[in-house]
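Down below is the structure, laid out as structure tokens.
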């Protein structure tokens, strides 16, 4: 009866995408359920997975919003 | 001072609805607050209830997204 | 497939108890599941309820921990 | 490596705003990260902050949705 | 920068164990981080995983606590 | 009515401590409540703060539990 909550930024992550795609969500759900079966022997039937997409402005790291954090990181590296 | 978080799929649940309605939300909030009062003697005034509606594609069960899970279940039953 | 999370302080709430009792937990779980059935027609079988007991020192309200908040409130009222 | 989750109602909070603004989000993220550094010596670089804006109809207090709660409170005070 | 939260009952799940073991936790953390890398291209370095073990009495399904639910299920099957 | 949830590892963080101390918890609660007042004008009275201490083995970063992650990081740096 596990519950897996996956929080990610709302954006594209792989080439040619501008959002988490339906196919990627399917893979996250399948993979998380399989992980709980493999490691803890939890039946896939009763594992819930909830994906929460968080706007970039609502996610902070390094004391900055994600867009600012990335700009600053890029500026340092260039 | 309890906090009750209710996570449900974003969809209609009763005949004639295609979303969780304002009236249903009122009943969830009222009922959850009453439950905490009845069972644990918690004053309704300081109970918070947060309803989180989750897109069907973002909710997984049985290793599948909810729409796929329902299709598969229906196929088995028919 | 709803998930209901109930966060309460770890303490007794009714006369003669010094903790949330097993019976009270049963009632919270039964009541929350029934609420989702009554309001949103969700089958009880696939509703998860998770109770999180939080130490009094880890819960804050009014800018104070719960024990301080209660002391201050009592002082004001007396 | 702390995670700070800030849940607030989705609305304006200061004069001239009708939503949590980008600048307010920046201040929340900066302030929460600084707090963890000041109190627990946690490096800002590895503190995550997630802001969750909750629709007014999805937030309950006093057994009512926030809009109802405010109307009732205002009625009592006038 | 994903955050993966895994909630499971506090108990043994595989032969010879009476709790989620340190090795199982390692596998959950490794597997969840790898999943986010494989599906969404998220660097493992900045993925957080939080495992929450929930006492059996604090987890409800089918309107019952987990121990009651299992007893009832077993009674039906025998 | 904000809710601030602070998740940190269960350990000492400042010289001479081996756990998050009562005083540190007080400062986290006070500071988080003040932040919501300063930035969003939220009355301190109705802000809830919940601190969740997570065992080191239950927190993962970089695909490893925190203790392993620190050992590996230290090994690289030395």
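Here are a few things to note about the model shown:
Should a chain be cited, it is by its letter among A, B, C, D, E and F, assigned in written order, with residues numbered from 1 in that chain.
What we mean here is this: a contact is a pair of C-beta atoms (placed from the backbone, for glycine too) under 8 Å apart; a residue touches a chain by one contact, two chains touch by 3 or more.
Predicted model, so just to flag it, every value in this text is computed and none were measured.
Common partners of chain B and chain E, by the touch rule above, are A, C, D, F. Averaging Cα atoms per chain gives one point for each, and the point farthest from that of chain D is the centre of E. The greater number of contacting C-beta pairs, out of the two interfaces A-C and D-F, is seen for D-F. Measuring from the averaged C-alpha position of chain A to that of chain E gives a distance of 18 Å.
Separation between the centroids of chain B and chain D, computed from CA atoms only, is 22 Å.
If you average the CA atoms of chain B and of chain F, the two centres end up 30 Å from each other. Of all residues in chain A, those that touch two or more other chains are 1, 3, 7, 28, 32, 46, 48, 50, 59, 61. Taken as a contact graph, with one node per protein chain and an edge wherever two chains touch, the assembly fits none of the named shapes, being neither a line, a ring, a star nor a complete graph.
Every pair of chains that touch is listed here: A-B, A-C, A-D, A-E, B-C, B-D, B-F, C-E, C-F, D-E, D-F, E-F. Within the complex formed with chain D, the chain A residues making contact are 7, 54, 57-65, 68. On the side of chain D, the complex with chain A involves touching residues 22, 25-26, 28-30, 32-34, 44-53. Put simply, chain B touches chain F in their complex at residues 1, 3, 48, 50. Taken in their complex, chain E has these residues touching chain A: 1-9, 13-14, 20, 24, 27-28, 31-32, 35-36, 38-42, 46, 59, 61, 66.
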